[in-house]
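Each of the two complexes below includes chain A, the first together with chain B, the second together with chain C.
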Partner chain A sequence: MLYSVIGYYSLILGLCFGLIIIYFSVKNFQNYQLLDNKILSFTFLQFFFVVISFLCLILSFVLSDFSNETVFNNSHTTKPLFYKIAGTWGNHEGSLLLWLFVLTLFILIFLLRSKKQPTKYKILTLVFQQMIIIGFFVFLIKTSNPFNFLYPTPEEGLGLNPILQDPALAIHPPILYLGYVGTSIIFSSALAATSLNIINKSWASHIKKWVLISWIFLTLGILLGSIWAYYELGWGGFWFWDPVENVSLMPWLALTTLLHCILVLEKKLILTSWVIILSIATFTLSMCGTFLVRSGILNSVHTFANDPERGLFILIFLFCLIFLSLLIFFFFHKNNKNNFTSLFWLSKETSIIVNNWFMMYFLSVVLIGTVYPIFLDVLSSQKISVGPPFYHKLIIPFLIPFLLMMAVGPKLKWIKSNLKDKFYLIILLAISILLSFLIVKNFDTKFLLNTILISSSMYLFFITLRDFFIKIHNNISQNIAHFGFSLLILSILFNNLFSTEIIANLKVGETFQSENTKIVFESINQEKEKNYQSIIGNFSIHNSKGKIENMLPELRIYNQPNIVTSEADIKTTLMSDKFIVINLVQNQDYFNIRYQVKPFMIWIWLSVVLISFGGLMSFIKKEHEK
Partner chain B sequence: MKNKFFPIFIIFVFISIFIIFYKGLQDTNFYTPETKVNNEIPSFSAELFYSNKIVNSSEIFELNKFYLLNIWSSWCMPCRQEHSLLMDLTKNKNIEVIGINYKDTKINAKNFLNELGNPYKKIIFDKDGTKAIEWGAYGVPESFLIYNNKVKKKYIGPLNNKIIKEIRFTVK
Partner chain C sequence: MYGRKVKLRFLFVVIILITLILSVFLVLKSLEENVIYFQSPSEINALTEIDKKKIRVGGMVKKNSISINAKEIKFIITDFKNEINVIYTGAVPNLFEEEKGVVAEGFLKDRNFFFATKILAKHDENYMPPEVKKAIEEN
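Our next item is the complex of A and B:
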């Protein structure tokens, strides 16, 4: 009760500080020397009040204060403390407050870390950032206040959706938000730099850190979500092309492209339009994601609330930002006329540009696949849903030249390169084609495509692997990231090719026998936990070599809300995952068993970790340069 | 000249995107539950989910009996939510639940039913979604209460406890 009041008024104070900052900045823009310290302290105060408000919400959750509507809707007294805290951002209102928290935190860090930058640029960045912050303040207070009162106070809450009660998902939103919100800094800073016409090498070098840090968090955030889907949703897949996944992938693609453009800009004053447009696109795509997911315009796995008012607000806010940035871009940006004349066809920057175009292509495929159903619905009232085949057909063929370019590109020099000493490139290509031919030979499905795909990713794999041993002085962070990417594509391909699945209905004591696997349903146990009851099946799996393994998949029957979730039992080894999940068959003693062997599953996760580790290396290197 | 045209064009594109999103936002809430109520149910022939037999609608719906026709799909999350309510409803002997499996694959749908149970007496397999259109459905999930070959009530969106209570009361 008390905390709700404090939290609410802190929010309003935070909003006031946002307005004060904009007022002071605009009024004193010309004699800005006065402003430096004042603005920093105002920004700090704003951050402070958001922290207070956020802490109040967490406290309300911890104390199970059901007079707060958000707590009532999403918590329950029997929930473990960890999930009470995680429940704070497991809902629409709380997650927006988290978003605001990260926004204010990042602008504070930005001001502290860019002391050496021109003051005008700093102030302008702050103003743009405050516009976003104020927008979210108003959104939060007006349409999704996390501190609404309930009277009379209910005895018990409705509970957190059980499928969200999971450690990976508890940290997934904060990590992802760090990535999303990081892009807002890039957005504001790019707009500020464009207005002052200082898009140049030193700006690129300064903003690169922010691009890297948001990129790392976004990558890890997507990874966590994917891991969660893998073992919690019980479908045995890791990417479903669900709209929610797509909206996180789109900013990632734009951000990855931006990262490469920044790398070029650091060396050579080209691609300035690319950089500005991508900076704008990355943030607007993140916002667009929020709009699509939160407004209920698309139905998806985690649409939180279908409230048209919220959707309308984000939509108007989003388009205000888009038009503002377009205006700034068209008015202030002066393109160098001799931009592309200086490009030599065989150089690092040309290969980066080519792959940028591929990335833009992938981005537009995902974008179209995600929003096309909405457009069609509005224009012709037809309802369709776009599934994986669409994305696979349009993306996979173009991965081949993309991978090849990724392999060869880094081998070229900046500005101008030649083909001398590149003989090993051809040898490695031959080796990869041969190897993949041998691997795919035994499978008759899509023989040609698979061979080419695997060989091109193996090619990248070998080339980056070779670099680890040969050129130590070379750009190691880039090499790690590209190596990780080749590993990712390879493991996804092998995973798709070699997965096997058994589906059967079994009673306790029964045995299922297939060609080389025997599944014995040994017994079943029941246990009572704090907020759920669990049914654990005991299975032993005999494989053809006579090895026996015990697996214990679980069904959880949660008490509040009353939902059954199935927890898969997964045995992970370096070579493959064994995945077993059980489900109740209604009114019968049978259980539905799904047993899958998925090779190289762990390598998918590891390779993404490796990719972001590459980014981290680059970030650390950047930090030490100064 | 060309340089001036380009920004205007871009802004125009974004304005049209805005309008479409705006309309899309409204459409999601524009439900008109009155339509099709108290109308004769459409007559059609369709494939049954398990037996693959082609049947006529008159073979499915008998006179003087209550039916709840439920349009569902394994990919639809709200269907998952309402499913336990449908399972409960099967205990009521006065009403039969008939399913229309909407734009789904049989494997996914079977997994869905194996996981959550099968409340349906019969399931019509509507792979391309045309049967649902004949019913005037807006999307999934959607349910129709049918008596004497007439649509008595239409429920758009997932069922909830209140609706189930109402159905129970009607069929008593």
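Our next item is the complex of A and C:
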């Protein structure tokens, strides 16, 4: 009760500070020397109030204060403390407050870290950022206030959706938001730099750090979501081309493209307009993602509530931001004329640009696949969905030149290059083709495509591996990230090619026999936990070599809300994952069983970690040099 | 006639245009082939011919309609006006229950039988897929 009041008024105060900052900045824009410290302290105060508000919400959750509507809707007294806290951002209102928290945190860090930048630029960035922050404040207070009162106070809360009660999902939103919100800094800063016409090499190296940070967190955030979906949703896959996944992939693709363009800009001062457009696009896509998952348009775990008002608000807000940024882009941006003249076809920048085009193509495919059903629904009220084959068909063939470009591109020099003395490039290509031919030759389906795909990713794999040890060029971060990417594609390919699956309905005591696997359903045990009851199936899996493995998948029946979830049992080794999940069919004594052997599963996760580690290396290196 | 630069730039623009047109064409074609339409039991009942394409059927699982054996799960999807028999081999999601909303993906055998290849998971007990909600509201 008390905390809700404090939290609510802190939010209002935070909003007021946002308005004050804008007022002061605009009024005293010319007299900026005077502003410097004042603005910093105002921003700090704003951040402080958001923190207070956020802490109040966490406290309300911890104390199970059901007079707060958000707490009532999403918490329960029997929930473990960890999930009470994590439940704070496991709902619409709380997650928006978290978003606001990261927004204000980042702008504060931005002001503290860019002391050397021109003051005008800093202030303008702050103004743009405050526009976004105020937008979110108004959105939060008006349509999704986390501190609404309930009277009379209910005895017990409704509880958190059990599939969200999971460690990976507890940290997934904060990490992902750090990535999403990081793009807002890039957006504001790009707009500020455009208005002042200071898009130059030093701006590029300054903003590169922010691009890297957002990129690292976005990558990790997507990874966490993917790992969670793998073991919690029970489908045994890591990517489903579900619209919710796509909306996080789109900003990632844009951000990755931006990261590479910034590198070119930093070295050569070309592609300036492209960088600005990408900065705008990245943030817009992040916002679009929020809009889509928050408006109830998409069917997913992120759809906390179907409130058209919220969707409309974000949509209008989004349009204002896009309109503003395009206005600034067209009025202020002066393109330096000699953009294309110095481009030679065989150079590092050409290869980066070509791969940029590929990325943009991937991005548009994902965008069309995600948005088309929504448009069709609005236009003709016809309900459709776009399945994985659409994405696979359009993306996979283009991965081949993309991978080859990734392998060869970094070998090229800036401006003009030639490929003499690169005997090993051809040798490695031959080895990759031979190896993949040997691997794929036992498969009939899509023989040619698979061979070419595996060889091109192996090519990248070998080349980056060789560079890592020989260290011809010292760009180790790029080397690690590209190596990680080749590992990712290879693991995904092998995983797809060699996965096996058995689905059967079994009663306790029954046995399922397939060609080379025998599944025996030995028994079930029941256990009672604090907020759920668990049914644990005891299975023994006999493979063709006579090896027996025991697996214990679990069903959890949560008390509040009354929902059944499956907890898969996964045995992970370096070579493959064994995955088993059970489900009880209503009123029947049969259990529905899904058993999968998924090769190289762990390498998919590890390679993504490697990719973001590459980003981290680059970030640290930058810090170190300065 | 024209300088080398102009020619190069012209070539560049042409290449970009061609790739753009090609990729738009590719995307549209693939979209046409891989789109899955959603239909309610009533809409299926009104069909004049059975399409071989993959579709989604949504509605409520009829009470007491689930039956299961070692291989298959059978149940009935209803929109309270018409219903359709579903035969399914595969894993069922946690929230697959009688008198709850469901979306099944698969192929029609005829107007009364549907072979499902996938049953879509929902994540929230209170949540009903918009398609299902609409299909039920319409009746």
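Simple rule for what comes next: the second predicted complex is superposed on the first by the 623 of 626 C-alpha atoms of A that agree within 3 Å, B and C clash if a C-alpha of one lies under 4 Å from a C-alpha of the other, contacts with A are read in each partner's own complex, and residues count from 1 in each chain.
As a convention for this text, a residue touches a chain if its C-beta (ideal position, glycine included) is under 8 Å from a C-beta of that chain, and two chains touch if they have at least 3 such contacts.
Just so we're clear, the structure is a prediction, and the values are computed from it rather than from any experiment.
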Superposed partners chain B and chain C on chain A - clash or fit: clash
Which superposed partner A:Leu506 touches (first chain B, second chain C, both, neither): second
Touched partner set for A:Val26, first chain B, second chain C, both or neither: neither
Touching partner for A:Ser385 - first (chain B), second (chain C), both, neither: both
First (chain B), second (chain C), both or neither touched by A:Lys393: second
Winner by number of chain A residues touched, once chain B and chain C are compared: C
First, second, both or neither for A:Asn161, with chain B first and chain C second: second
Which superposed partner A:Phe375 touches (first chain B, second chain C, both, neither): first
Contacts of A:Phe319 with chain B and chain C, given as first, second, both or neither: first
Touched partner set for A:Leu2, first chain B, second chain C, both or neither: neither
Touched partner set for A:Asn583, first chain B, second chain C, both or neither: both
Interface residues of chain A shared between complexes with chain B and chain C: 296-297, 299-301, 303, 383, 385, 503, 505, 562, 566, 583, 585-587, 592, 594
Contact set on chain A toward chain B in their complex: 291, 295-297, 299-301, 303, 306, 308, 311-312, 315, 319, 322-323, 326, 330, 374-375, 377-379, 383, 385, 503, 505, 562, 566, 583-587, 592, 594
Of all residues in chain C, those that touch chain A in their complex: 5, 8-9, 12, 19, 23, 26-27, 30-31, 33-38, 54, 56, 66-73, 89-98, 121-125, 127, 129-131, 134
Partner chain C, residues of chain A touching it in the complex: 161, 163, 233-235, 296-297, 299-301, 303, 340-341, 357, 361, 364-365, 368-369, 372-373, 382-387, 389-390, 393-394, 503-506, 510, 512, 561-566, 581, 583, 585-588, 590, 592, 594
Interfacial residue positions of chain B with respect to chain A in the complex: 7, 10-11, 14, 18, 20-29, 75-78, 84, 87, 103, 111, 114-118, 129, 139
